[in-house]
Amino acid sequence: MTSYPILTILIFLPLAGCLCLAPVWSRRAAVRPIALGFAVAELALAGWLLVTAPGMPTAPGAPAGYFLWEDAAWIERFGIRYLLGMDGISLLMGALTAFITVVAMAVSWRAVTERTALHYFLILLMESGIMGVFLALDLVLFYLFWEVMLIPMFFLIGIWGHGRRIYSAVKFFLYTLAGSLLMLLAIIGVYLIHGDATGTYTFALPLLAKAPIAHAAAPWLFGAFLLAFAIKFPLFPVHTWLPDAHTDAPTAGSVILAALLLKTGAYGLVRFGYPLFPEAARGFTPLLSVLAVVGILYASWIAYAQEDMKRMVAYSSVGHMGFVALGIASWSPVALSGSILQMVNHGVTTGALFALVGMLDERTDTRELAAYGGVWGKAPKLAFFFLLFAMASAGLPGLNNFTGEFLILAGVFRTTPAAAAIAFIGIVLPLIYTVRLVQEVLFQTERQPLQLPDVTLREGALLAVLALIGVSIGVHPKPLLDILKVPVALLTGTAP
Amino acid sequence: METIAIPAINFAPIMPEVILSIFAMVLLLVNVFVPSEHKAYLGYLSLVGLIVAGFTLIGGWGVPLSAFNDSVVRDNFSIFFKGIFLLTVGMSILISDQYFKREECNLGELYPLLLFATVGMMLMASGTDLMTIFLGLEVLSVSLYILAGFNRANVKSNEAGLKYFLLGAFSTGFLLYGMALTYGATGTTRVVKIAEYVSQNGVVAQNPMFVIGMLLMAVGFSFKIAAAPFHMWTPDVYEGAPTPMTAFMSAGPKAAGFAAFMRVAIIAFPSLKADWSDLLWILAVLTMTIGNLIALNQDNIKRMLAYSSIAHAGYALVGFTAGNAEGTAGILFYMLSYAFMNIGAFAIIVLVGKKGEANNNVMDYAGFGTKHPVLALAMAVFLFSLAGMPPTAGFIGKFYLFSGAIKAGYVWLAIIGVLNSAASVYYYLRVMVYMYMKDPVEEFDWMKLTPAVAICIIIAVVGVLLPGVVPAFLLNLAQQAVLL
Amino acid sequence: MVSLHSYLILSAILFSIGTIGVLIRRNAIVIFMCVEMMLNSVNLTFIALSKHLGNVDGQIFVFFVMTVAAAEAAVGLALMIAFYKNRESIDVEDVKLMKL
């Protein structure tokens, strides 16, 4: 369509924002509008793509399904290229990234009073990194962005977090780093094995996926990829960093962590894991399904026992991502599109829940369930949104999460009925803890006299937009599913 | 009367060495006439010397030349390393002035000594005769003993000098004995001739004199590059030595040790590569693991970086073990990037430190990020590069080394290396935690950022980030400089 | 006629004595003397081998080693004096401000 390097702009616009913050570093009043301006510009660009891109033809030189494509030499000695591409999946993820970044900035608008410039700098830097992860199609480039997005989160948690923030930040960093370093070795392994077999040494995904590795080492390589992605996901039993990181992160950090960082793991598995090792991945399917189901049940159970709202929402995240993993493991068109849709849904719903918990925390300085009660009467608007998103998270029909979960289960039933049957329990369990959450916070009689002003205009507008998106996906998910149709069919090999 | 034919002497291959020696001697003389408050000018003069020497290096790229009866050579390999040495010394000189003024030391002899040390390193890199390598090593070592103990009034510096001297001389003994036995077994001290002898007499490997000679040389070199289990001297010397000298020692002489070790191992004993590799495998694993594990609970940041430098030697040994083009080019690239990131970090340490080597604990960095955001950002860049995070030179270097190892079939070695690298992140993060996430314990009156130090930090940041983003140029240079 | 082997064995013994001395003695000057003994045993090896092989390389090497040893002695003793001035001792047991 156009000759503008749109993908490059998408990745580097936030980074340019980072640089623009430098001259006004110590002036808080100037920092916030500039940062938000860049985030909004990014969102506008992503939104424009979301509207126009689905009709676009395949870009010249790109494999089927990719309507935007950029390819340039980078480190030729190793066959590393600056290769970016956008298909329906990347488009949805990119749009989600741009949107959630704006949300994260909006929720921390007042909460962050110290070192404001650094805060917005890190958020923009992270947006660049995450955008890069969703657009890179060269394995080394992908790895680069994958690591880059770690660093800002580490600082976000460590500097503005609560409680044992430093412990959580370091744990988060080391956990994810250990996994991704092994993935790096696997990337090098893929490169060498593929190069030896075909004679072209390359890190470019389209070339690598054309001739999948049929080497004895393939399961090991896939295992390394899976480990890195599973940690990010997070799948049971490598999820333990998540509750800590979430609980101690500042609100903006939690929102981004839940809505975006977790998605990178699932995205990586869909984009790189399965296409690179179709054979080996099939061998891992039972394991992945079992881990996903165990994760769903375990997380719901643990979530029920939590006394801290944020921890409860964090565990619910583990459960939701278990569904996503289950859908990916079945690798059928229906379940896969369900998984990707669910990634968006989870981003919106859980992001909103973390924002709400953050708002409550800001007002009362506590996240203990036992401290609340009677919020419905005191702050009805806030309570309404809380109820709405809690119900969405529990999978109430008509709201967004339901569509995703439904598609996943429908798809999984065809491939592995047993897993779907057990996972079905997992649809019911969240209701239990969600009801407890809602009951204790909103409807329980007031246990402590809490100062609880209702939502401000900024918060209200933010929540309303999130709610609008949630409801509209819930009742009419077709536009998003249409965007996903082509790439999912191509991935699962069911394209006509 | 019998006449002795004097062979034509071609100084071209050792031009940088000659220039630096002349500069060093001139500096020694001039030093006498320069009043102590103007000693910094000697530093600028020595920088001029380094730049002139650097210019004579460039022309030799791609034009191999050997002289002095084949005992020194100018090839891409040596030129690449000489470039690293010049850079290392230059950056160390830039941070010396501020430090030694604070410590109230007489700077006069510092610059000539540094230049002589450079000459030694250069001879090590270009020596193709065991004799030249030995001479270069000793010129370097003798200068370093003094530099480590340069701060005469400071007991720690005394200790560092003494310890370095005793252990350095001890290890020289091993190296020398190894050289003697190799000479006895092969009848020559020329590296190339040794190689010829080895390839012609395959059984030479069974000759005990030869095997012992080889092993003793390996021990000697391991001391010099601080590979475990011959690393014990490193932490004490690095902690005690004046900070700019620690910066220098951790980057320059280590690279020189690798240069000589590689020259001997790769040229002289190519047919015994399998035996070397087994030995190096163990050295690499021990070096990485011991360095990283002990670094985990160091509070003194210089000591921590000393152990980290041991670990980094271990990563380089991974490439050495691989022994292929990727691995060895990886070492060249890594040594260069390591010089940038490590000296950069030490430049910050110089700034944060106080008189009498105080304020060198990790805890002293609390609040650094808020007080000096730009310097803290620079430090964070260096630390992330040391930890091997993209997009920094440290990442590309490790990528290069580990892909060399995987290509050569040392998958387990690469896995151990990567796990080590993950563990190492912990202690680098710790510094960052203090810099950004803790409040300062006391109000501090740190540092005056002099232009020289600022230039050094800028060079280091550029040197870390630029090859991290567009490494093609340096990768090509490293590839062309490989010995194989 | 003393054979090459005798020379080599003698120098090996001297080298070992030197090594052991470095490892067990505590006085810096004695340690340094042990190091000197190691270097001189190497010199002996070089000369014996040079004679045996009939080539002068070994003897040239010895000259270098001697020169270097002299330079090391100058520097080393200076370092010891500096240390003694500060600590009133040259016992390496006292070299332990910095510990593992």
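What to note about this one:
Per-chain numbering from 1; labels A, B and C assigned in written order.
Assume a contact is a pair of C-beta atoms (placed from the backbone, for glycine too) under 8 Å apart; a residue touches a chain by one contact, two chains touch by 3 or more.
Going by UniProt, the chains are A = NADH dehydrogenase subunit M; B = NADH-quinone oxidoreductase subunit N; C = NADH-quinone oxidoreductase subunit K.
Because the structure is predicted, anything quoted here is derived from the model rather than measured.
Centrality by C-alpha centroid: the chain sitting nearest the overall protein C-alpha mean is B.
Averaging Cα atoms per chain gives one point for each, and the point farthest from that of subunit A is the centre of C. Separating the CA-averaged centres of subunit A and subunit B is a span of 43 Å. If you average the CA atoms of subunit A and of subunit C, the two centres end up 65 Å from each other. For the pair subunit B and subunit C, the distance between mean C-alpha positions equals 25 Å.
Interface of subunit B with subunit A (complex): residues 370, 373, 384, 389-391, 395-396, 399, 402-403, 406-407, 411, 414-415, 418-419, 421-422, 425-426, 429, 432-433, 436-437, 470-472, 475-476, 479.
On the subunit B side of its complex with subunit C, the touching residues are 130-131, 134-135, 138, 141-142, 145-146, 149, 152-153, 155-156, 158-159, 161-163, 165-166, 169-170, 172-173, 176-177, 179-181, 183-184, 187-189, 209, 235-236, 239-240, 294, 303.
Chain contact summary for the complex, subunit A toward subunit B: residues 25, 74-78, 115, 118, 140, 143-144, 147-148, 150-151, 154-155, 158-159, 165-166, 169-170, 173-174, 177-178, 181-182, 184-185, 188-189, 191-192. By the touch criterion stated above, subunit C contacts subunit B in their complex at residues 8, 15, 18-19, 22, 28, 31-32, 35, 38-39, 41-42, 45-46, 49, 52-53, 55, 57-58, 60-61, 64-65, 68, 71-72, 75-76, 78-80, 82-83, 86-87, 92, 95, 97-98, 100.
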